[in-house]
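Think of it as A, B and C in the order they're written, each chain with its own count starting at 1.
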Amino acid sequence: MPIAVARSLLPPHTLIGMTCNTREHVVQAVKDGADYVGIGPVWATQTKKVLNPVVGVRGLGELLEPLDGTDVKAVAIAGIKSTNALQCLHGAISTTGHRLDGLAVVSDIVASTEPYAAAKRLSTIIHAFKSNKIHTFSGAAGPYNQEYIKDRVGRLLSTIRKHGPLVQQITNNVVTTQSANATLALGASPIMANAPEEMADLGKAIGGLLINFGTIQSLDGMLIAGHNANINRKPVVFDPVGVGASTFRRTSANTLLNTWQATVIKGNAGELAALANSAEVQARGVDSVGKGFSDPAAFVRNLARKERCIVVLTGVVDWVSDGTTVVRLANGHPMLGDITGSGCMAGSSIAIFCAAESTDTANRRAPDAAEDGMLVRGDMLIATVGGILAVTLASEYAAGRADVKGPGTFLPALIDELGRLTAEKIMQAKVEVL
Amino acid sequence: MPIAVARSLLPPHTLIGMTCNTREHVVQAVKDGADYVGIGPVWATQTKKVLNPVVGVRGLGELLEPLDGTDVKAVAIAGIKSTNALQCLHGAISTTGHRLDGLAVVSDIVASTEPYAAAKRLSTIIHAFKSNKIHTFSGAAGPYNQEYIKDRVGRLLSTIRKHGPLVQQITNNVVTTQSANATLALGASPIMANAPEEMADLGKAIGGLLINFGTIQSLDGMLIAGHNANINRKPVVFDPVGVGASTFRRTSANTLLNTWQATVIKGNAGELAALANSAEVQARGVDSVGKGFSDPAAFVRNLARKERCIVVLTGVVDWVSDGTTVVRLANGHPMLGDITGSGCMAGSSIAIFCAAESTDTANRRAPDAAEDGMLVRGDMLIATVGGILAVTLASEYAAGRADVKGPGTFLPALIDELGRLTAEKIMQAKVEVL
Amino acid sequence: MPIAVARSLLPPHTLIGMTCNTREHVVQAVKDGADYVGIGPVWATQTKKVLNPVVGVRGLGELLEPLDGTDVKAVAIAGIKSTNALQCLHGAISTTGHRLDGLAVVSDIVASTEPYAAAKRLSTIIHAFKSNKIHTFSGAAGPYNQEYIKDRVGRLLSTIRKHGPLVQQITNNVVTTQSANATLALGASPIMANAPEEMADLGKAIGGLLINFGTIQSLDGMLIAGHNANINRKPVVFDPVGVGASTFRRTSANTLLNTWQATVIKGNAGELAALANSAEVQARGVDSVGKGFSDPAAFVRNLARKERCIVVLTGVVDWVSDGTTVVRLANGHPMLGDITGSGCMAGSSIAIFCAAESTDTANRRAPDAAEDGMLVRGDMLIATVGGILAVTLASEYAAGRADVKGPGTFLPALIDELGRLTAEKIMQAKVEVL
């Protein structure tokens, strides 16, 4: 029934909503004078058979954009419960900054033995989320300058060495050893577990999670681990190695990103282009081909805004953005390209810095902040820059050593130098805030 | 029917047995004047539907203790056959030293095409077991002193270099390469196979087996490999990495230990505490937290007695026990803690020394000893100490080298020094017999 | 019905064929005056229920031999389609050089929506194959001499460094890291993917494929990857690590070799003996026992002829053959035997040289040669020699370095020296053409 007809039949001031599955539906609903739209399905659900294609958390933002400048409200529907509500609210924000106004929930309340508590839990999450002003993972610290960033990174390094955060790493079988050794050298503690059965336990214990799918051997483990990290508000660093190399990898990356919210996505130009469906850069196996993006700063800013997380584009120069600020990092020795897994090591390093920053921030907060509306605590932009700086700076010191005679001896030297990194060395890094 | 009633109905001197599933059952049976108890089920079985909870090999000992000082006999029941009879007899010994008097077997005889031969086989195993006086894996050599131990370890090193035992290692994917290299450096030959399909073949060929479940990727392979090692009387070293990190790991460790008899269990304080259900030490990921056990000597002695094997507690000081003797080892450089997998390497090293000792002993024995009552031949206490000494001593030499500038260069140096270990260096080790 | 009876009933000059499943059938068909034989089944098929044992591609050659010196024609039957026709024609050649005259195909034409095109495709393949004179993977360059070989290997090294071929490596989890690093050091680009889902995509992108089954973890991936490499005419190097260690490995190796045509098979004496069902040399785990073959040159020549590919026998001396020429290589330092995976690294190196040679040859050919009758382009004998020379020569330079103090420091030095290999160094190699 058209909205106009419904409105003529109903008492004045009746709220009328319309369920929308596409951007066109939303445009039509605004035109027809709907009071609110229900957009989804976010996930496939048992409540009723899903007839429309699943929109997914990452698809919601695009459906919110036609509501910019209107006072039509929006709720997301299907599959939402207290364990994924905050992920949904965070992930649904449009690139224009438009947020959901609420969540439509059935099973999580109705099927609960304590429906009041269940509804209360959801309501608390929604209110906490809406009371937040910052919806990026960079926190409220900006505007940034390079001195501030380097100082904070140096302090984070001390925090890592003092507290030794436990960092879970589901990574490819080419780099597990060296990633674990790099983690230890930086002062953190690695756990390379990937069995789905233990993810719920580990999600509570860890400080952060790395998911690197260079060899996709435990997609189930990756799905469950990321979900548990979200539930426990632990940062998730996603390194979609070689995502452009096959359709299977592209599909897998989408499945992962629709199941949990990444805190940081890291990739080379070929990988991030594949993830963004950009044809500007091509991939060849796990490598990027050609000169990269014509405007890398704009690329990372846009992708960060779209994926609602920190994005790092690695290369000769590394670019980091939270969707607003862009940081340009021009450090690192070319020998990093001569060994396998240096990019993966950077992913581990980012996860370590994120874990330290997140744990440290959570520890310093008042206990009543536990229910705040942020999926991850702390400044993940700073942490991400820290992770990149650690590996690139260490590579410069390693490459300069007299005992390094090629890529074989460079790797042990690189691990050594991660262990010898200091705040003073970090202050020498080339960091530019755009 | 109560025993007293049965006895009143039956002729004098009739033997009356009672099936017991719990310690309380056994206490009652003794009180009621039973002649023997049948305890179990040891394994789930097809003979009759198992209604009572499976006791498991490792649960039998506790049910034998109430028989101490009585002349009530005990047999184990359910799932026993010639391939696991010796494991069952060995594993069932109580911490007080109480042994089974026999085994109740149905299918393995009745369903056999040659029931006489089947019964004979079982009878031979039971008599051989009962004729043994030593039921620990340390053999009959004790009492020990440090000179004897170090001399024997030095000789074992020569045996390894001369015969190059083949050591199968099902280990985590973080350390496979360096564990294989450490094995080669010591002079042994690694095979890192984990496919269940080839375990029966390999069980015959190998000298020893390491099972390390840092990343539990092939539980089936671990189950079948250990079982075949038991059948072929090859030592099994179990390294339950991070067993305290998740319920899944704890459950998996129990499944493994109930399926085969470990010859050596090695772990840090957090891991062994989790295995022993002790709350004295906590684990964090794969690491141990805090200062460890207040009385590590008592802890390893008790756990060795309970698990019927050699137990090694690793840390700044390493403790080894067979349930009677405790050996304290105070060697090793702190840099071992700065690299991943040094503990796993120690596990491989122990498996190598156990393989050499077991093969060497078997080779030196008379052929008619093949059916003796020992699950593993040779002195596994000595072998275990040897495995620990090799890695800890090599670490001291490696850390002292001028070309070691951090954890990255320490690892290759450690492998080098495993290759350069000598009997003379072993004589310098700090070994204390308690 | 006997052929003689059929012939008496039919008009003169009627062609009469007989389906043969064994060598004895073929002998009988010749004796009975058949015009042609249909030999197979090559693969199990849906067309009709296969009652006879599958002969397999590798079994066809033996059935062709009784046709030597006769003019009885032969076609292969069952399971043949355009995607495996060339593999079948190539793999079926007998050790005496007898080729198939055609292929009997049903489904691939009849079940096609475009039967004419399907038949045309098959016909083109058969004619291209038959117009070829060379059916080894060494190409038409021979006779060889050592100067020519070394010069060509040096040029190939430049090609690798210039074009950086993408080499897929499905290898065991002990050596992934160092194989990837060796690949990068030589100047190529590794992709260690093993998920079956992405093999079709990767088969198009890669320059060559290594399949090493040291730890058989993804047999499905290996099967599909090799098949796609055959379809895309990319070289496949097969390293059947430890194939003699278990029945499971022997069976797996046969399954793989019957599914795709290997371009190169590489193994030590124990492995190749197991593959050839020779009892002359025994295996122990992944190692070979004893002194090896009494006549290694004859062994590799015969196995190369039987398996229709290049065969490399590794050891103190390495032997390479295409079934005609045998090349003896006497390079390499004994320290290669002190580290794990040096053999696997040689396998990777061979795959890299094969990828470079194959890509380079394809690039230099006229476009209309795309449908020629060769499964792989370029001289794989040269490429295989190149792969062996790279690792063995690098090992000599590494072992001579002052910073190498044992197997731990030898490995990084070896990787360094792969990166420092030059055409000049290759000219110093000991290469002998027999």
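Definition applied: a residue touches a chain if its C-beta (ideal position, glycine included) is under 8 Å from a C-beta of that chain, and two chains touch if they have at least 3 such contacts.
The structure presented is a predicted model; accordingly, all values stated were derived computationally and were not measured.
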Rotation angle (°) superposing Cα atoms of subunit A on subunit B, nearest 5: 120
Interface residue overlap between copies subunit B and subunit C, same or different (over half shared): different
Gap in Å, rounded to a whole number, between the CA centres of subunit C and subunit B: 45
Subunit A residues counted as touching two or more neighbouring chains: 173, 177, 403, 411-412
Footprint of subunit B on subunit A - complex, ascending: 166, 173, 176-177, 180-181, 183-185, 189-195, 197-198, 201-202, 205-206, 401, 403, 411-420
Of all residues in subunit A, those that touch subunit C in their complex: 172-175, 177-178, 214-217, 242, 245-249, 284-287, 338-341, 403, 405-409, 411-412
